[in-house]
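Two complexes come next, and they have one chain in common, chain A, joined by chain B in the first and chain C in the second.
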Partner chain A sequence: MFFRVVLAEMKKNVKQHFFTVRILFWTLALPLGNGLYLYFFYLPFAATSVNLEFYASNFTLDLAGFTLIGQLLYSFFTMMLIAGNTFVREREQGTLEAVLLSPANRIAVILGGALAGAFHYVWLLIGVVFSWIAFINVGVVINDFLALFASILLSYLSLVALGMCFEAFFFHSRRGTMYATMLQEPIMFLSGLAFPIQSMPRALLPFSYLLPLTFGLISVRLTLLGGASMFDVAFPLTILATMVIVFSVLATWLIGYAEHKAKVKATLTQF
Partner chain B sequence: MNNTTFAVEARQLSREYVSTRRSHLVGKKTTTVIKALDRVDFEIQEGELFGLLGPNGAGKTTTVKILCTLLEPTSGHAFVKGYDVVKDAAQVRKIVNMVAGGERMLYYRLTGRENLQYFAELYDVPKKDVQTRVGRLLELVGLADRADDEVEKYSKGMRQRLQIARGLINDPEILFLDEPTLGLDVNIAKDIRKFIRDKIVREEGKTVLLTTHYMYEAEEMCDRIGFLNKGKLVAIGRQEELKRKVPSGFSIELLVTRLSDEALSGLSHLKSVKNVITTDYEGESEGEKIDRLVISVDNDKAAPEVLDCMSSKHCRVVSVNLRGPTLEDLFMYYTEEA
Partner chain C sequence: MVFHSLRVVVATAKFNLIMTWRFFSWTGFALRFFMPLMSLGAAWILYNDIYQRTTSPEFGSAVGSSNYLSFITVGSAFYVFVFGASFVVGRVMFWERTMGTIEATFMTPMSRLAYMAGVMTAAAVNSFIDFIAVFFIGVFFGFQIASFNAPLLLAAMLLTAFGLFGIGLMTNAVTLTFRDRTTTANTLMTLFMVFSGIVCPVELMPAWAQMISKALPLTYGIRLMRSSLFGIEMYDATYDLVALTALGIIFVVIGAITLRLIERNLKKKALFSVF
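Presenting the complex of A and B:
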């Protein structure tokens, strides 16, 4: 039943989003422009490269690519927060009661909503990388496609799992969106979105390593720009896989707890 | 789970809402506690259409939300088919469904069919049955020919009918209807009432709890009625039983000729008469103008006394009509008394 609900939820979300051909067209076309925009945004820094030290290895990466990937994954992270806030959307359109009345697994509902956003994400990623390779000379070096695929997939899943934990706040409080917005700036800073985390004060590093985005950025940058192999990124991938499990378990508990609290406080179906 | 024979059972059910407010951004917090339900006890038999009536804010929707597992009671217990709505919430959700009035609980960008298919998946309706059940429900609510149109193109009545179909998608044993005809025009509301009473309750044998503040709706549909007022259940029973308990609410409608001030004064001095309203009547009897009197009396024994008074004042009575208390009278009586 779990996967049935996930699929139903994905289907519903995709249908609700792509209800006209025009929307479909712009969803497909915009990432190309987005890639160009990001490139020109970081063009002034493109003259040099950046050294990324990780796990006793030193990779020299294209600086433009480095920052572009940071921006790209961060866009995805914020997209996950928006795509994942299933209950806020349901609440706003007056359908939350109908969903919660059903015996459907809550995690399955959220997961379906988040995975429906995967279409946007995958296309954004393909569209942006394609526009870099086709129109501008970003130094893309891929030696191990499997490692690249694993990096993207695990980054994606870990962010989905973290997004599900956030969903508990959306469930419990009408201020969930505000909390999510408040977290954006610290996460931008701590994840090493625009600079290598080694440049950060040492005291802040432990906080960086709590974020799946940090490890996602490391593994995607190394495999997409540094030609890293599966062996090179084995450590961040293991951490990401662990985070997927830990955040999923945590999300299951948090959602159950938040639903109970919301029923007690009567905030479940209020706008 | 308890071993009850009732479809729904509420025992000392209470619910409080706590609201905190600050006078300004950094001001002191003040907390207000609103008692939405206060030790409510009732039970509903299987296959019964039970009406919960009360003014706005009486606690009707709170009761329904607790029974549907959308809200937890502050104290007391509620059982649906013997399942505790808090401890066995997952079991309860499988056997109940709820339809609310207003334009909620549907996805407007999906078609009617897609809406029902989506909810069928959430309720884990066997895959082989989904298409048949969706088709049958669309047929049942008269939307088969518009099934593949987006809900945003539906009229209000069509959306409400689709909501009812959604409420039946899991073939629930108990259906909660929270103001299901709210804002609908007379004909559509009538069709929906007929549909609920004849199809859902009589034919399919489902148990229905209906909340409404339309008295005629409850009068027309419900087997038993409970009156909620300020969170308390002030009366419960069959309509006839409740009417018998009401000492007022009877009225005598008289059509008379030769009505005089003296007769009106005589009537108002009668002990059993509470109020007299005079209205013009379009008609004549034996060349004399007819007046219409609506006389509110204490009980149904007052008629002879009223007629004696009229004849002693030389009025000629053309017609007499004794009317018992309506549900509206009961509603006023029970809610005002409380």
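Presenting the complex of A and C:
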């Protein structure tokens, strides 16, 4: 039953997103623009590589790859933020009460939305990879495929879990779309997307370390571009695994709390 | 006819300005500065921390100054101006459709271009406030003015607004066809902004990117703005003014034709408000 709900929600969200095949073109073009924006930032310095330091690891990474991987993960994070509006969209469509009256598991509904966001991301991934390979030579150095796989998987799971937490928050706050938009640029800055994390001002580092995107960027960049091994990225991977558990538990509690509060105050659909 | 169109421009601009300021939101206002703040912050870290206040010699010769943070501040101010103006103009038809007024709007005997010009005028006035605000923010990041050529800055802004008007017309045409608001407009604007040289001089971009840059009016607009604040020889400014004017006219003509064709097509298929 749980997985049927997940699949149904996923199918619905994918169909709603791709209401026309022409959307594919824009879905492919947007990440190219964003990736180039980051890449062009470095051109006034005649840079071709970037040093990334984290917890006793120091790697020199290809600049195009550094910005590419940053953009890939950030695009996914944005997808998760948007996917976090599932209940807000149901409310706008006037179907929220019907969804909550059904015996469908709430987590399954949100997970389906989040997975649909991940499915959309596949297009972004293909678009970015192909466009960057076509236009800019990206220097990829992979020495440990298992470390790379673990980095991608844990980054993905932690971002999905965080997206589910956002869902509950947006549902409760009733200003989901605005918050989702507001969060994008601060997170872009704090995660170390545009520059290596070791250059982040010390006062802001605690905020950076609250974001799974920060550790996802570190581990994926190091394993894909710097040839880092499992040992090199063990620390960020451990943090990502912890975040998966913490955010999943938190999301389950938050969604139950938000629904309960809305029912008590009779504010599920009325503002 | 001309007088009637002017009345439409003034009335639409007035309506839009009243709507903006009547429902003014500090959150929405602050939101417009997030992207420039991120750009300025990242630029500050790159310049001061990572590259130890050293830019490449190519940057100095391309810009005529080695003041990287001032370069980025002007780019960011330009960004909010363009984004603020095009964000409104590019979504006019979408909102008309959403509010259920698109058929009534197209039934009126007014000129579509005059209507859109009115929206553009209001958007440009509002964006100018954002534009000035970014310079004040830029001061905290190290923005300095080397020289100030007010007529050139004014000409650059007016001509850029004219070019943006053309881009806005095209975006509306695309939005009406694709029936989506954010993805289309955001993608078009991102591509326009990236290649116009907001964070990097066009001369330093790869050759293929430079070719795209040269076809965009925003490229010349931002160069003129930088020239008005950093100083430039008259020959270069003249070339950019001519290029910006010519491209502005081309974009407006293409935008007007595209919008008209799409309007006719939607009417024929009865698809104005029905999906």
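Basically, the second predicted complex is superposed on the first by the 228 of 271 C-alpha atoms of A that agree within 3 Å, B and C clash if a C-alpha of one lies under 4 Å from a C-alpha of the other, contacts with A are read in each partner's own complex, and residues count from 1 in each chain.
Basically, a residue touches a chain if its C-beta (ideal position, glycine included) is under 8 Å from a C-beta of that chain, and two chains touch if they have at least 3 such contacts.
Quick caveat, the model's predicted, so the values are computed rather than measured.
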| item | value |
| --- | --- |
| Chain C versus chain B, contacts on chain A by residue | C |
| Touched partner set for A:Val5, first chain B, second chain C, both or neither | first |
| Chain B versus chain C as contact partner of A:Val246, first or second or both or neither | neither |
| First, second, both or neither for A:Val14, with chain B first and chain C second | neither |
| Chain B versus chain C as contact partner of A:Leu101, first or second or both or neither | first |
| Touching partner for A:Leu205 - first (chain B), second (chain C), both, neither | neither |
| Chain B versus chain C as contact partner of A:Met182, first or second or both or neither | second |
| Where chain A meets both chain C and chain B, residue numbers | 19 |
| Residue numbers on chain B that touch chain A, as the complex places them | 17-18, 65, 68-72, 90, 93-94, 96-98, 100, 103-110, 114, 117-119, 121-124, 150, 166, 170 |
| Chain C residues within the chain A interface of the complex | 27, 31, 34-35, 37-38, 41-43, 45-46, 49-51, 54-56, 58-59, 68, 71, 178-180, 183-184, 186-187, 190-191, 193-195, 198-201, 204-206, 208-209 |
| Chain A to chain C touching residues, read off their complex | 19-20, 22-23, 26-27, 29-30, 32-34, 36-37, 40-47, 135-136, 178, 181-182, 184-186, 188-189, 194-196, 199-201 |
| Contact set on chain A toward chain B in their complex | 1, 4-5, 7-8, 11-12, 15-16, 19, 93-95, 97-104, 109, 260, 263-266, 268-269 |
